[in-house]
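Two complexes are shown next, each including subunit A; its partner changes from subunit B in the first to subunit C in the second.
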Partner chain A sequence: MVDAVFLALSVLTIGSAIVALEIRSLIYGSIALMLTLSGIAGFFLLLDAPFVAMFQLSVYVGSIAVLILFTVMLVRRELIFNKIEDKRRRYAGIGLMLALMLGIGMVIIGSGMKSMETNSPAVDYKKIGSDFLTYYSPALIVMALILAASVVGALTLARREDMTNDQRAN
Partner chain B sequence: MTNGLIDFVLVSVALLAIGIYGLSVKRNAIRMLFGVEMIINSANLNLVAFARFIPNSQGQTLALFSIAIAAAEVAVGLALVIVAYRMYKNIDIEDFRSLKG
Partner chain C sequence: MSTIAPQFRLSRFIGSLFDIIFWVILIFSLVGLPIVFIILFYIKMPLVNNQMLTPYLAMTWMADPSRTLPIIKSFIHTTLFHVMAFPGFGFAALLAAATIFVERKFLAKIQLRVGPLYCGKIEGILQLMGDGLKLISKEIIIPAKADKPIFWVGPLLFVGTAGAFVSLIPVARGWVVANPTVGLLAVFATIGFFPIISVLTAWAANNKWTFIGGLRALHQMIAFEIPLILSLLSVVILTGTLNLSQIAESQQHYWWIVFAPISAIVFFICIIAELERIPFDLPEAESEIVAGWLTEFSGMMYGLIQLGTYLKLYAFAGLFTVLFLGGWNGPMVWPPFPADIVTNGITIGPVTAKIAGLPLFDQDMLNGTLWFVIKTVGVILLILLPRGVFPRIRIDMLLHTGWYKLIGLAFINIFIALGLLYAGVLGPGGLIQ
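Now for the complex of A and B:
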């Protein structure tokens, strides 16, 4: 059965995911999203995948959450606290969420996954590193190109065209 | 390991359902990005959990690629939000009308 660390991590992850969507202020919402992502990193540690956990912490909690925080601060103040939503659509959304949880959850509980336990030792993370540089090296290069292209694309999109270059220099 | 595979998969299903709720109900563009992040994270949790219980290392490799691609996606998504905010002075997606045709 589950142990206490797992229970605490799942309460932290699910609870802060709900808080991130439902709290009024977007700034507190992005901090709660940071907590959710750290909880997922904790699950990776429980699953004996320390390399993926550290990658998750450095990429998600380190860069993506800070990027979201800065974007939230660029938006006007009253929009951050503004919360317009359709009441009926909201109830339909909650119904959809519960139906998905119960439906997929019942299917999973009824499947043969329940008896799946393992006593085998965890995969050594050195093997992942050497895989990246040998078997997966073409994919790694393509991924680096995609990252560079998306960063250049984001910079081009967010550039202001109504400013001339000498205005930018001042 | 005291935790079975099914516990991790159930947490992942809960996170997926919350992400779909946020994506379908919220009208704020940044909150919809939160929902997308939760869905991607539940997929990553599934990948690493199955990789631990099979066991092999390819699931972890795929999770690493997925995290990196998600970082690129969020950068472009936030740039789109900033452009739309500059054009419409709002981040409510029902105000973004010129793409609707």
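Now for the complex of A and C:
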């Protein structure tokens, strides 16, 4: 059962990732990207990590994919994309990807992660929280600082002198 | 003599009825029964009266009342029944349908109108059925330049997502379709799909009104999702769990609305915005942009979207009840099942029928469902009420409300909840349990 679900999820994730890269229509491409991200959430569910799976769904599908969709719908295609049709680039990309996957696979297998424990209990989200606040607290602080800096940066970029409001008040 | 069917003859009508019955019985016994028996061999059968039910005995429940009720009882506890009927789709769709009718009458009474009146003689009670039949029988029109796959799939996805949301709401103790440990996060993940579906169907219809409506829906839902999530954090802090059943269980003595009133208010406003109801109904503002992102839908596609909207309304009201109003908790008002019927059986004249497995539902579940439904209907009426009272607000006011005021208000109650927790008043191991 789990094997069948795993295979189905793999086909869905990789297939929709390829579709997201290859399809002409940008909207369908972003929908395929959503499917890929949902498939990854499915992998997290299979790995007994519902907490991460739900965050994957609500953050990646619910927010980031929506932003991509939004951008694609509002911006004219010719302005952002410069089409370069080149067969050799595509083959080079596929070769690079295969080399990268093989390398990572070799590293993982070489590091001794050959067996997996399948019947361990699901990760408790309270444990994740307490770990974050104790052992990983420097990482948490650094993440918070990065996020705060990026929010401040976004606000600075988005700020503009709004003339229309004054006119309306008059 | 009927004017609708001048050739009508009662004898022919009755004859055709018998004809249909004959063919149904013939086809069922020749084709249906073998298929049923083949399927029964692959289904896990329940244990009835300490005896395993085999496919050979499966049909005996029709004639044997001592088997009927245990079989129904075991069926009630299957996942299929949970999904289709009671805490799942059937129950929610029934409440949603009732909501549509009640909304029309309720708003009419507020605005001194009469509302639906003629259909079904008594206060237009059959209006809903008539509307449903009309929607089913209408032609489905697809715009010529629409993006057909997305346009077709949109309403189905909308109803599906609303159904997934409904499945997370616990109705009574142990009566919930899906009970994940991260139930509240699952709710957030589910409601994140609604803006995507709105904006995709709006884009697919290839119409300026739908597209404007879809963009408005996207803006509005994303703006109100963050205060919605933040407003629920105080309840999570106070209970220490994300499981909705446990959150409802933790409110046996007091409701969380007592300690998190600001959260409840913020959450309620966010509900109205997420449901696109007046005063936040900009995505389907009918006097500005025809019907917003629903403009091009016709027939049953519109019906499906409408069903999804009201399922979502029920689910949000149920979520409010579970989080802030104590869920199924309430004083035991449901009368217990008469014990002498269980022990002695029912006596009608000379015959005494002793029926096995009689209390079909236990008292606790019926009482819990009663309280849940009462509270949910109250919340639904509160959600409907602004439609009769308020005008629609401008989009910049809406976004300002969502991004500035509600987020700030939500944080206030988070700090109150943290204070109560660290002072040792509430929460796990607190003074008040």
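The rule is short, and it goes like this: the second predicted complex is superposed on the first by the 109 of 170 C-alpha atoms of A that agree within 3 Å, B and C clash if a C-alpha of one lies under 4 Å from a C-alpha of the other, contacts with A are read in each partner's own complex, and residues count from 1 in each chain.
Throughout what follows, a residue touches a chain if its C-beta (ideal position, glycine included) is under 8 Å from a C-beta of that chain, and two chains touch if they have at least 3 such contacts.
Here the structure is a predicted model, which is why all the values come from computation and not from measurement.
When the two complexes are overlaid, the chain among subunit B and subunit C that reaches more residues of subunit A is B. Shared-chain residue A:31: touches subunit C; no touch with subunit B. Residue contacts after overlaying the shared chain place A:122 against subunit B and subunit C alike. In the superposition on chain A, A:11 makes contact with neither subunit B nor subunit C. In the superposition on chain A, A:69 contacts subunit C only, with no contact to subunit B. Touch criterion not met for A:106: it reaches neither subunit B nor subunit C. Contacts of A:50 after superposition on the shared chain: subunit C is touched, whereas subunit B is not.
Look at A:147: by the touch rule set out above, it reaches subunit B but stays clear of subunit C.
The interface of subunit A with subunit B overlaps its interface with subunit C at residues 51, 55, 63, 122, 125.
Here subunit B touches subunit A in the complex through residues 1-11, 13-22, 24-28, 30-31, 33-35, 37-38, 41, 44-45, 48-49, 51-53, 55-57, 60-61, 63-65, 67-76, 78-83, 85-86, 89-92, going by the rule given at the top. For subunit A in complex with subunit B, the residues that touch the partner chain are 1-3, 6, 10, 13-14, 17-18, 20-21, 26, 29-30, 33, 36-37, 40, 43-44, 46-49, 51-52, 55-56, 59-60, 63-64, 67-68, 71-72, 74-76, 79, 82-85, 89-90, 92-94, 96-98, 100-101, 104-105, 108-109, 113-114, 116-120, 122-123, 125, 127-128, 131-132, 136, 139, 143, 146-147, 150-151, 153-155, 157-158, 160.
Interface residues of subunit C facing subunit A in the complex, by the touch rule stated above, are 147, 150, 180-182, 185-186, 188-189, 191-193, 195-196, 199-200, 203, 215, 218, 222, 225, 240, 242.
The touching residues of subunit A, counted against subunit C in their complex, run 27, 31, 34, 50-51, 54-55, 57-58, 61-63, 65-66, 69-70, 73, 122, 125-126.
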